[in-house]
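First chain A sits with chain B, and in the next complex the same chain sits with chain C.
For the complex of A and B:
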């Protein structure tokens, strides 16, 4: 059994004893074989001394048990690292940022507390996965959709708190943005409900997110200020139809007007699906379009068709663009349609992304296990062209004939008005290669920051580096976060170092 | 109620929906009259994109194994409709000759049912057709060695089919952790990687 950092054997033994009393001995894990299951499957330091690992794990099943575990940790100054289902692959998995922390595993808290069809919302616990919520809705025959990410086996709450996104309509595919109300256990064990939930016997916790006074929910996103034990989400009433058309161009410079048109249509809420942009250095071959944009519209069929006519008119006003109207799919999908669509676009969770990203005859040089480099850049064609130059200069050259097998860039529009230029860095069993991947990743972070771009999410190994690039006014944002951290978690027991926020006793000068 | 062991070996997915399903053997794609020979093995998954995988499925189905095709390597449907319901009822053995991601996903799911990867081999298929084999776990329980596979040459998959057919769960299954399925070995460009595997083991 290993000890958490800066914790004496006596203190740890006392904490373990208290936790066993609180949650039951069978839910406190200290044996190496058990704790190893919390390793990050895609750690960029996999198998190396610097890999971040847990020292133990404890798995409460109720709010009261979470409170008890946290109070004990606070009393004995034991660092905790809460996880939901631990599926944040490519961005850290279930391993703690501060190596040696005790994983606070919330998978047993897996109740779907409510799904309200009439007002289209859900209230869930952290252990509820997208598969679970989908299954609950299907069994109850409720006419609402969830918005699963790729893949769908993760926690609904965990994905939202990590800043994840999905593939259906806005605003639902912004998972944190579509939440409504939280229940949080603070480091001292106190329970807080946010928004309308702060009203005892509130009738509108999941109906309105703002409540009264300063809104604090954002403090719990990608953070270490509390343990979220319940969260509400607005769901999408099942749309009658989805139609996805395609706009292509053979001209490189056309990405500028293409994106301008798309942005305007999206800001007008005419294009509400997750647009995808393909092109640039990934162009598949001679004769293929230089740029391809997919334009999905969800809604009632007459509205979808009318909106698509308008969208077509706007794109085809640019003579060099080609507009291809896509098939309209009515929902619920027919069995035949189910085999022809990308399921996540229809709110159906699945695991196909692993097969797609894996090595196979059609994909001989895959990313496989990978970490995501995910800078946010302005949503303009000029930025995409600049990002492509940046990629050509720093990635293609640095990867030396694709030696590292870097895959990208993938232009993602998970959220309205936002463009993420994702690059996937393969992580494998070859430590020397992983070392090169890490060096390139770190270089890209710095070079991107020089251009005014920064990542929205990152694996634990790079969170300090990326946080350091958000350095406006002598890192005043970091200092504000540290001030808040010291106030709400003075002993620094919760998720030390997560997203670059360290407690006072672990802060570097 | 989930047991401590099932939960633990999770790290995983609480995510096994309780979808009604049929027993694996009854739902088999192919079941021969000699099915009793396969009491140990409940289902073989094969990836129809690979001739070697198809050959193993053909051989095993002839002798009574239930086999299921993965058209594109994705395990979602077979897991939801067949494997998850079976694992909710109790431990049952699933094997495969598939691409690596199928094993990775099913291992993660298996851990939450108290099951483990008890056999894992990798077959690196080079552009010239030659194949390198790495036996990573449990080969001894199948009486299988790399030299066996090398001797078999281009017909190595017949040897794998034979070994999978003979597998019987051990009553003294040692406790093992996660396999190496999450990450790939370093491979030269244009090579393919097939995995042979068995997920099984008793609940402990």
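For the complex of A and C:
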């Protein structure tokens, strides 16, 4: 059994004893084989000394047990790393950022506390996955949708807190943005409820997110200021239909007006689905369009058809664009339609995305896992063309980039007005290869920052580097976060280092 | 998983928890494995094994006769390629025993 850093055997033994009393002996894991299950299977340092690993894990099942575990950790100054379902693969999985931390595994907190169809919201615990929430809604025959990300086994809360997004209509596919109220255990064990939840016997915790006075929910996104134990989410009432049309162009420069039109339509909420943009270095052979944009609209059928007519008129006002009206799917989907659609666009969680990333005809010998490089760039055609030049220079035309089998860029529009140019790096057990992946990843971060782009989310191994690129005014944002960290977690026990925020005793000068 | 939403009955549902009693091996399989390993398109595990075995061995886990319960347990706890290991808070040792017996039910030592 390994010790957490800067913790004596006596203190650790005392904490383990207290935790066993709090949660039961079977839910405190110290055996090497059990602790190894918390390794990040997609770690870019897998098997190397720098790999971030846990020293132990403890798995409470209730709010009160979380409080007890945290109080014990605070008393003995033992670093904890909360996870929800631990399936944040490509962004750290279930491993801590600060190696040697004890993982606080919240998977057993798996209650769907409420799904309210009338006002379309849910209140859940961290161990509830998208599959769990979907199944709950199906069994209860409620007429609301969830918004799943690509893999459905992740935590609804964990994905939102890590900044994840999905594939149905705005604003629901912005997972943190669609939350409404949270319950948080602070480092001293105290419980806070945010927004309207701070009112004893509140009747509107999941109805209105702002409450009274300063809004603090954002402090718990990608952070280490508390352990979120409940969170509310607004759900989408099932839309009657989804129609996805396609706009294409053979001309490279047309991406500029295509995005200008798209952005205006989206900002007016006429296009409310998650658009997809294909083109650039991934474009297929001659004769295929250089750019393709998918334009999805959710809503009642007459409204969808009328909106699509307007959308068509706006795009076809540009003579070089071709508009192809897509099939309209009515919901609930027919058995035939279920086999022909992308399920996440209809609020149905699944794991089919792994077919693209795993062994398939185009990738017969996969490395294993992957990590994502996810810079945010302005949602303009000029930016896409500039990003493509950057990608060509550093990946496509780079021998290392070709050797590593890097996939990208995937232009993601989970968030309104936002464009993420995702690049995927295969990660395996080959240390020499992983070393090259890390070097290229770090180079891409630095060059992107020089161009004014930075990542919105990253694996633990790169969080310090990326945080350091947000350096305006002598890194005043980082210093503000450190001030807050020291105030709410003076012993620095919670998720040390997460997203570049370190407690005082671990901060580099 | 592929049933879609039916219209209202209850407006509000309160607290549900996963599994009060110990689930059967089939239930564990359906909860954790079927989304990747069921037959047909859209199942990445099945797709991967189709390519790996090229028809020499069934790609659908439940059709396998060469997969011992012990081997199932090893894959669950160690993972393979994209499939990360499953922790004991996800699949307990008791559930793993039931799952391994269920998936390995057709195993015949040769």
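Here is the rule we go by: the second predicted complex is superposed on the first by the 499 of 509 C-alpha atoms of A that agree within 3 Å, B and C clash if a C-alpha of one lies under 4 Å from a C-alpha of the other, contacts with A are read in each partner's own complex, and residues count from 1 in each chain.
Quick note on the criterion: a residue touches a chain if its C-beta (ideal position, glycine included) is under 8 Å from a C-beta of that chain, and two chains touch if they have at least 3 such contacts.
Bear in mind that the values here come from a model prediction, so they are computed numbers and not experimental data.
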Should chain B and chain C be called a clash or a fit once both complexes are overlaid on chain A? clash
Is A:41 in contact with chain B, with chain C, with both, or with neither (first, second, both, neither)? both
With both structures placed on chain A, which of the two partners, chain B or chain C, ends up touching more residues of chain A? C
According to the stated criteria, A:433 is in contact with first (chain B), second (chain C), both, or neither; which is it? first
After the superposition on A, what does A:238 contact: first (chain B), second (chain C), both or neither? second
Which of the two partners, first being chain B and second being chain C, lies in contact with A:357: first, second, both, or neither? both
Touch check for A:107: first (chain B), second (chain C), both, or neither? both
Looking at A:29 after the superposition, I want to know if it touches chain B, chain C, both of them or none. Which is it: first, second, both, neither? both
Answer with first, second, both or neither: which of chain B and chain C does A:87 touch in the superposed model? both
Thinking of the overlay built on chain A, is A:137 touched by chain B (first), by chain C (second), by both, or by neither? second
Considering only the contact definition stated at the top, list the common interface residues of chain A for chain B and chain C. 27, 29, 33-34, 36-39, 41-42, 59, 85-87, 94, 105, 107-108, 110, 127, 131-132, 134, 152-153, 350-352, 354-355, 357-361, 364, 368-369
Over in the complex, which chain A residues touch chain C? Could you list them? 27, 29, 33-34, 36-39, 41-42, 57, 59, 85-87, 89, 93-94, 105, 107-108, 110-118, 127, 131-132, 134, 136-145, 152-153, 238, 331-333, 335, 338-339, 343, 346, 348-355, 357-361, 364, 366, 368-369
Per the touch rule above, chain C residues touching chain A in the complex are 1-18, 31, 35-36, 41-45, 47-48, 51-52, 77, 79, 81-82, 84-90
Help me check something: in the complex, which residues belonging to chain A touch chain B? 26-27, 29, 33-34, 36-39, 41-42, 46, 59, 85-87, 94, 105, 107-108, 110, 127-132, 134-135, 152-153, 350-352, 354-362, 364-365, 368-369, 402, 426-430, 433
Which residues of chain B touch chain A in their complex? 2-4, 7-19, 47, 49-50, 70, 72-76, 79-80, 99-102, 104-105, 108-109, 111, 175, 177-178, 180, 182-187, 189-193
